[in-house]
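Got some structures for you, see below.
What follows is chain A paired twice: with chain B in the first complex and chain C in the second.
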Partner chain A sequence: MELLDIIKEDTVFLGLEAANREECVAAMLAGMEKAGLVKDAAAYLNALNEREAKGTTAIGFGVAIPHGKSDGMAAPGLAFAQLKTSIDWNSLDGSPVQLVFMIGVPMEAAGDEHIKILIALSRKLIHADFREKLLAVQSKQELFQVLQGI
Partner chain B sequence: MVTVEGVLENPSGFHLRPAQLFVEKANQFKANITVKNEQGMGAAGKSILGLMTLGLACGSKIIIEASGEDEQAAAQALLELIKSKFGE
Partner chain C sequence: MKKILAVTACPTGIAHTYMAAEALTQAAAQKNVEIKVETRGAVGVENALTAEDIAGAHAIIIAAETEVEESRFAGRAVLKVAIGEAIKDPGKVIDAAMNMETVKVQNMEPGTNNKEAQKKQVTGPYKHLMTGVSYMLPIVVAGGLLIAVSFIFGIEAFKEQGTLAEALMTIGGGTAFALMVPILAGFISFSIAEKPGLAPGLIGGMLASKIGAGFLGGIIAGFLAGYVVQFMKENIKLPKNFAGLVPILIIPFIGSAIVGLLMIYVIGTPVKMIMDGLSAWLTNLGTANAAFLGLILGAMMAFDMGGPVNKAAYTFAIGLLGTGFYGPIAAVMAAGMTPPLGLWLATLIAPKKFSVEEREAGKAAGVLGISFITEGAIPFAASDPFRVIPSIMVGSAVTGALSMALGATLKAPHGGIFVLLIPNAVGNLGMYVISLVIGTVVTALLLSVVKKNKTTA
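The block that comes next holds the complex of A and B.
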């Protein structure tokens, strides 16, 4: 499985305007629904919120990776948001978040595939030039090029 | 510098949540913490993202290096956290 297998045109948000985490997650969830990845949005949202309540998913460097395993997902899915202005996400390093990768995996498929994706993604995100590229992309095609091979 | 070694035993390995707990614990100490995997790849022990890049799976060896005034206590506390399987 590669990133490009689970991210869809409908799940990419460039220059997204969101006032807070809830608005950001709601917009991304709507995109996942539109892409046909979700069968029960409320159940998946519940899984996301439960995970967030255990501890922030903001990993530093202005990046958050909200994620949840849920029967509300019809298929493994990834959404990406590049925010117009950064928002607070209770990050451990105190930095506001401007890049968001949201991952959803159905319960029955919850092996370690998505963890492999998380590791592959983190190995790219650690590099400032990769984060700068994500902040700079202006089209979905450009984003897909940046994410190719992960 | 103090170096300790452990083996990750929580089923899903070093994903975001264990990395976060590790960083929270590491931040309780002044010591500088470096974590390495068996391949010698190293990451800052106070960075969630850094720790995730190590790709540590269940059964992986994990090497913790602590240096600074409370290095002994820091290394022991982090090793205990790993042994506790992060409460999973």
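The block that comes next holds the complex of A and C.
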């Protein structure tokens, strides 16, 4: 599984306007539903919130990676949002969040696959040039180019 | 070039473990520092540090909020930082690690003249043994000295209920000495298998005491428990949801059961056979050849100090004391005094052969020796059994033989030097003291020849 296999046109949000975490997640979830990735939105949202309650997924540098394993997902899916204005996400380094990768995986989905994607993404996100590229992308095609090979 | 190692780990093991690894790698590359980062995350341990890596590292950075098996870095320069710090400011962390003093652990080939470096690099079973001994040592000193103080009130004083002498005997003999072998076994096992090893080790050690296997049985129990637990740690793989049960339920329960059953059935049976066999043999030997009997009894006393061989000799002599033969018990007591006395003398005449800790313990061993508390020699014997046990056996055998040959007798079962002061308790007192002194000197001389240099400090 590659990152590009699970991100769809409908799950990419460039210049998304959201006032807070809840709004941001709701918009991204709607995109996932539209792409046909979600069976039960409430169940998946529940998984996301549960994970968030265990510890913030805002990993610093203006990036958040909300994720959840749930039977509410029909297939593994990834959504990306580049926010117009950064929002507070209780991040580890205190910085507000402007880039969001949201990941959902069905319970029965093959073992560690989605974790490996998260790991690869986390490793990439530490590099300032990768983050800058994400902040600078103007179109979905550009984003897919940046994400290629992860 | 200086090489830095790092270990990263976080409780969820998804983002931070890898971000920290990436951040440190990136910062190191910028500074032209060679680095290897082990990640311990949700997909297990990756890029694991090898013993070779660790041996060649300038310093090791631990950026973790969970257990990372730190014991493998013992003796190395270790820098611990919060994982967030490694992510936020990896450059500073690398600099701090580079500026650390490397703890020198030299890999000298045997045969080079740097004995110091060789000695410090204590590894494997010997290291585990030393760990066990160093935890046991203060218990032996405490117990032995308390018993000795109890003897000051008279060698039989502790038999009077409610007396201070009885209390001291309960603290020293009944309690401290009862802990001695369990602690030895427990910490040998702890050294091998870390925390999960402690419980099966302590239990195995207690069983070694109970079945009369003495400190040698305790050493067996410790290694048994340590390696059993280590094997279980490495080989029991459960689904993640149940993995938490391994250290708190499965290892304590199954590990202790395995060690305990082995101690009772595999170690316990031969121990009993040795005791019974030796007792029968001693009875057949009789008292015809006095010097030879003394020699055998003496060597037996020193062999396992509280184990089956020692007990067979002591019980045999006590039995004869009851029937009016006072020679063997004299030989046995003298032979039980020379091991700690000889060690005490050896720490004085050959201090280089002993660690600082042992040299201090030597003074206590002297007091225990004059009190006929043979256990004072156990820490020395346990830490270097193949050199110490033969040396003290020869010394004790010489003492035992001399005591018998010179016709010394004793009408008390215990008491050490205190009993020498009681009129008529010892027959042929002068000869008895000579036997003791010669045995002590023989023991000390042998030890100072046989033992290897410890430190140059």
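One rule holds in what follows: the second predicted complex is superposed on the first by the 149 of 150 C-alpha atoms of A that agree within 3 Å, B and C clash if a C-alpha of one lies under 4 Å from a C-alpha of the other, contacts with A are read in each partner's own complex, and residues count from 1 in each chain.
As a convention for this text, a residue touches a chain if its C-beta (ideal position, glycine included) is under 8 Å from a C-beta of that chain, and two chains touch if they have at least 3 such contacts.
Everything quoted here is computed from the prediction, not taken from an experiment.
**Q** Should A:56 be classified as contacting the first partner (chain B), the second (chain C), both, or neither?
**A** In the superposition, A:56 touches chain B alone.
**Q** After superposition on the shared chain, which partner residues are touched by A:65: those of chain B (first), chain C (second), both, or neither?
**A** both
**Q** Kindly classify A:42 by the partners it touches after superposition: chain B alone (first), chain C alone (second), both, or neither?
**A** After superposing on A, A:42 lies clear of both chain B and chain C.
**Q** Pick one for A:107: touches chain B only (first), chain C only (second), both, or neither.
**A** neither
**Q** Please work out whether A:119 is in contact with chain B alone, chain C alone, both, or neither, and reply first, second, both or neither.
**A** So A:119 meets both chain B and chain C here.
**Q** Have a look at where A:136 lands relative to chain B and chain C in the superposition and call it first, second, both or neither.
**A** So A:136 meets neither chain B nor chain C here.
**Q** Pick out the shared contact residues on chain A: the ones touching chain B in one complex and chain C in the other.
**A** On chain A, the overlap between the chain B and chain C contacts is residues 54-55, 57, 59-60, 65, 67, 92, 112, 115, 118-119, 122-123, 125-126.
**Q** Can you list the chain A residues touching chain B in their complex?
**A** Within the complex, chain A touches chain B at residues 54-57, 59-61, 63, 65, 67, 92, 112, 115, 118-119, 122-123, 125-126.
**Q** Where on chain C is chain A touching in the complex?
**A** For chain C paired with chain A, touching residues are 11-12, 14-16, 18-19, 21-23, 26, 41-43, 84, 87-88.
**Q** Looking at the complex, which residues from chain A come into contact with chain C?
**A** 54-55, 57, 59-60, 65, 67, 92-93, 112, 115-116, 118-119, 122-127
**Q** Would you mind writing out the residues of chain B in touch with chain A in their complex?
**A** 12-13, 15-17, 19-21, 23-24, 27, 47-50, 52-53, 55, 57
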